[in-house]
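Look for subunit A in each of the two complexes below; its partner is subunit B in the first and subunit C in the second.
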Partner chain A sequence: MTDQTTGMGQTLLEERAGDAALESPNYDNEFDAIVVGAGLAGSAAALTLAKRGLEPLLVERGTYPGAKNVFGGVLYTPTIRELTDLDSAPLERYIAEKRFSMLSHDDETAISIKPGEWNREPHNDSFTVLRGDFDEWFAEQAVEAGATLVTETTVTGLIRENGGIVGIETDRPDGEIRAPYVVLAEGGNSLVSEGANLKATESRENIAVGVKEVLEFPENDEAIQDRFRLVGDAGVSYHYFGEGAVGEAYGGGFIYTNSDTVSVGVAYSLEDAATKHQTPEETLNLFKSHPAVAPLLRGARTVEYTAKTIPEGGAETMPDLVHDGAVLVGDTAGLVLNNGVHLEGTNMAVESGYHAADAIATAAERGLTSADALSSYADALENSFVVQNLERYGWLTDRVEEDRDLLFEQLPSAVADAGTEYFRMDRAPKEAHARAAKQRIFETLGGWTGAMKLAMRYRKLVR
Partner chain B sequence: MTTVTWTIVVGVKQVPDADEVGIDPDTGRLDRASAPAVMNPPDRGALEAALSIKDVVDARVVAMTMGPPMATPVLEEAIAMGCDDAVLITDRAFAGSDTWPTSLTLARAAEQLGADIVLAGEETTDSSTGQVPPGIAAHNGWAQLTYVEAVEPRPEENRLVATRDVEGGHERVAADLPVVVAVAYGEFDPRPAPLHRKLYAENDFEPIEWTAEDLDIKDEVGLDVSPTSVGGMETVQPVERKGEVVETADDLAEQITEVYS
Partner chain C sequence: MSVQPSVPEVQNDSIEDRLYTVKYDDPGDSHLGVKVPSVCTDSCETTDCVPICPADVWHRADTDSVPTIAYENCLECSSCRFACPYDNVSWEYPTTGSGVTYKHG
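Then we have the complex of A and B:
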């Protein structure tokens, strides 16, 4: 090698060293918006912004989107379907059966719903997914549309100027970056939003703790389709209530089938976890060993254990959604519906991300960043199914809380006992069995009067 | 303060993530396909060593890697951490190269960049030969420092002093430049990438690209000139180790004393 070629490499380095971007890159206000968190709400916002011609920066603390994201297991896809092509999405199974079970400590009474329609496209837009796969895919859709993703970066605070939000602080060196809008999609544990006084710290009565295991069946490839009676891509969503599901706590248990694994978990009030000395691990283990649940899981091996907090305050505890330069979406905005019958958060997260991005795109056209200019997000959400559903069921949580002993402990036992009486095989006439069954229920409800009162209290459920 | 600008070249390699990689029990080969590609972990230490020299000496740090274009992310990671530039050495002619042509290629690239110091991890997690850094030194006739735990630049003497891990202790050695340094794994804690640099590296940076021809080694690389031949493979079954649970710290102390006395 000659000195001349040595010089060539060095000259090249010299030439390139003149590039200011290479010397000290600066992306302040290079992006139109910053989205904090690449979950469903965040990626929906980033995708919508990109589709509207803006360049959002999507900031994720995990090594990839979905690495840190936890939910029960069922994704509702009506809005995602509008935003992008679902055909390439990593879906596990569609929900072909919903089953609701009352568990006393050793009884089960259940109803099952299996509409034929759910077996046909679009499968009622209800699918089990693994968030590690799905969220990575969903963020990819945003990136393909023009969003920029940066991972392994934790947002630690917001930059304020003249009262408005103008950027974020991260845990990296040189970690501040500015943009006209910040979308807070940081999840239920909203440390950034709370730290910046964009929302109040939740009281524990309004938070549920969820724990979940993903289980595989190492020596039995047929376990899932046999035990849950499935054909093809069909799957189930089993919900459990009562003492057998979560002990004395207010909440429930669930089993969802994925392609080759099942998700099994419990979710119950954080207040109960704190005051009733009922740890999530113990509660989940009790649920998994219930005689109606254990056979479904026999021989299974845990491949993943996750936990999360779930905001359950409903419409009343929803924080202000818009601020100068910032909006709150998804779990951060408390957009989760859990009333026992419906357990929904993913569809509301996506819907809120979409409306927030839509409002930002409209405000950006006019060059405005004030809360006023962004208020169309709050209005749109108010008029969407998201807030309407939260308001519809706002009363339910309080009422169920008042009746918790009756609903979760006395009634499951009474219904199971009544069933036992009604179908008892002995030499007494059926009439005696029916009477005993009725007697058992009425004792619990407080006679006809009690039953009528209870029905009145919950009539809005079927309104 | 010295007026000489050192050029520090850091060799980095993309490898399958060792946490995710498995061994096919039938063939005994690494199942690389299923594992995500990451930067060879010891090379992160080499980058940190290079940047720590730049913290105290006027220097330019350039990362280089030899591999397919899909190896570019390791150069982006190097730029994000603080490297001033990066070179992707890529050519189909390199296919099948073992450590001999590989170290020749990197030696030529380092020479062309005008390297004063070449740094690399002590070995890669996917082949573990540890031959490449000494190979670079040998091809160029430069000094070499291996298993280096600490570096102390002496620009006024145009030398680099290093602490080397040797059996039973360590030794301090001063080498005249140019020198090739193989960094001991785990001794340099890599710094986090600053946010704006990371954004630049991942979205806007384009590395320099060199082919075998650019380095004038077209006929000296590839499978044909690689002397390595694999005699055979054998999968070794792990040996069952004896384990015992003791109840108290005193019991544990007793057991330890027994072993040591």
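Then we have the complex of A and C:
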């Protein structure tokens, strides 16, 4: 932390101790912009604003940036690399292998991808990180560029004048802080944005609940490299679908390797958690205990247990990004992509923070704060990979939801059974085994006709 | 080779032990609440707040009662706020740095 970082909590304590020199600073009208939340979207915005010569105030409710933040575990870094020097970043491991695995009750059928290119710089810009370390580092980059960070300060509301947003209310004494622009990077639990009617509450059908454990292997330093077949800084991202991963719910499980720990978790539809009475904790326990998963985690001890909600409404439920005096970024704007094989959010958060700040800097040059003047943010995001990817896969979520029993329960079992038949060792000829395997798949898909229909339903995936 | 390989034991801690891994600073007052108690007692038959919570915050004796809230268990994920079909959960950010502090995240 540099001296521009102010822990207001500490300042207040010292004030009570009678140290008049350390009075709580008055930030009202002192800044060009206020960023609510020092997660990846917020710090990307603050960093970009500072680099454009503006003075942003970055307000974080946690004790440090990252204190309240959770994600699965893989960060994609093409945009961060453009904003700052990644060499000093606290990266855990680069992703050398992606593995996609269907789990039935006690079977596993998996595909693994290990391109040689991923072992070479820049490692496909894919790294495991822990948010406590990474978010703190990223906020420091913003501070070093000129942003001011305050922690332990909760934004409780927005100040509105003549219809526009002109500042924030906080939980601090005389806690009103005015500035021309407010960037809302408060996360998916967007109490401030919703309270100011900048977005509607997302319906639970579009929310996933995620729980994760960071696990260590006490007295077994080789466990991670041996079990996941790793050399040096290489790491893996394992994804799991099907009944064995999340029971009857729509979602999946994951294992990511960090330097000395692994992140293990599940994320699935909140609607299913409610209607199927499937608690996140039990779902995690069952996933960890699956015969294909347990051997990877044997002997591991829980270092930390975390939970979060994930906004998965996609392009359809994205709120208005631009308002008079305010913009929405990251999870607050619902920028998460989950199409089964691509699980992204933090990279989209960074991209949105960058574009939002860019639009603010341009508007500030003209002295304008209206939604019109900030609309280049929405335009830039529409034209970026963020919204383009959300729109490309918007249809998929609904279709998978319709086919969920087939895709997550029947098919994983059928594929595993077909594999069992195909490779069966007895005294029957291989032709009989192949026929049995084919029949097992076809009875699940509904013959050639069913298979063709299914292929047609998902043909856009390969377009 | 005749012995059936069994699934190795993995450690699945109790929710108490899991919550114990997270640093917590009690704000003193609950940041969670029920907006209108009669919505719970008169309308809610499903008690969705209980199974969706990853931290065992919500408990309800029966469908005629208002849930009790162990707010000090809360991991601030906000599932309850989204899950309540009556939008009857009041949720505020814990103030002045209180609530959970994750180390790893």
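The criterion applied here is as follows: the second predicted complex is superposed on the first by the 437 of 463 C-alpha atoms of A that agree within 3 Å, B and C clash if a C-alpha of one lies under 4 Å from a C-alpha of the other, contacts with A are read in each partner's own complex, and residues count from 1 in each chain.
What we mean here is this: a contact is a pair of C-beta atoms (placed from the backbone, for glycine too) under 8 Å apart; a residue touches a chain by one contact, two chains touch by 3 or more.
Just so we're clear, the structure is a prediction, and the values are computed from it rather than from any experiment.
Of the two partner chains placed around the shared chain by superposition, subunit B is the only one that A:Asn26 touches, whereas subunit C remains out of contact.
Contact with neither subunit B nor subunit C is seen for A:Arg392 once the two complexes are overlaid on the shared chain. In the superposition on chain A, A:Val150 makes contact with subunit B only, not with subunit C.
More residues of subunit A lie in touch with C than with the remaining chain of the pair subunit B and subunit C.
After overlaying the two complexes on the shared chain, residue contacts for A:Asp174 are found with subunit B alone; subunit C is out of touch.
Using the contact criterion defined above for the overlaid structures, shared-chain residue A:Leu191 touches subunit C, although it does not reach subunit B. Subunit A residues 9, 153, 171-172 lie at the interface with subunit B in one structure and with subunit C in the other. Subunit B contributes residues 7, 60, 62, 79, 84-85, 108-109, 111-114, 191-200, 202-205, 208, 216 to its touches with subunit A in the complex. Contact residues of subunit C toward subunit A in the complex are 7-13, 15, 17-19, 21-22, 25, 46, 48, 51-56, 75-79, 81-83, 85, 87, 91-97, 99-105.
The residues of subunit A lying in touch with subunit C in their complex are 9, 61-64, 66-71, 130-133, 135, 151-156, 171-172, 188-189, 191, 201-204, 207, 209-211, 213-214, 261, 270, 273-275, 277-281, 284-285, 288-291, 293-295, 297-309.
If you check the complex, the residues on subunit A that touch subunit B are 1, 5-10, 12-13, 16-17, 21-22, 24-27, 57, 148, 150, 153, 170-177.
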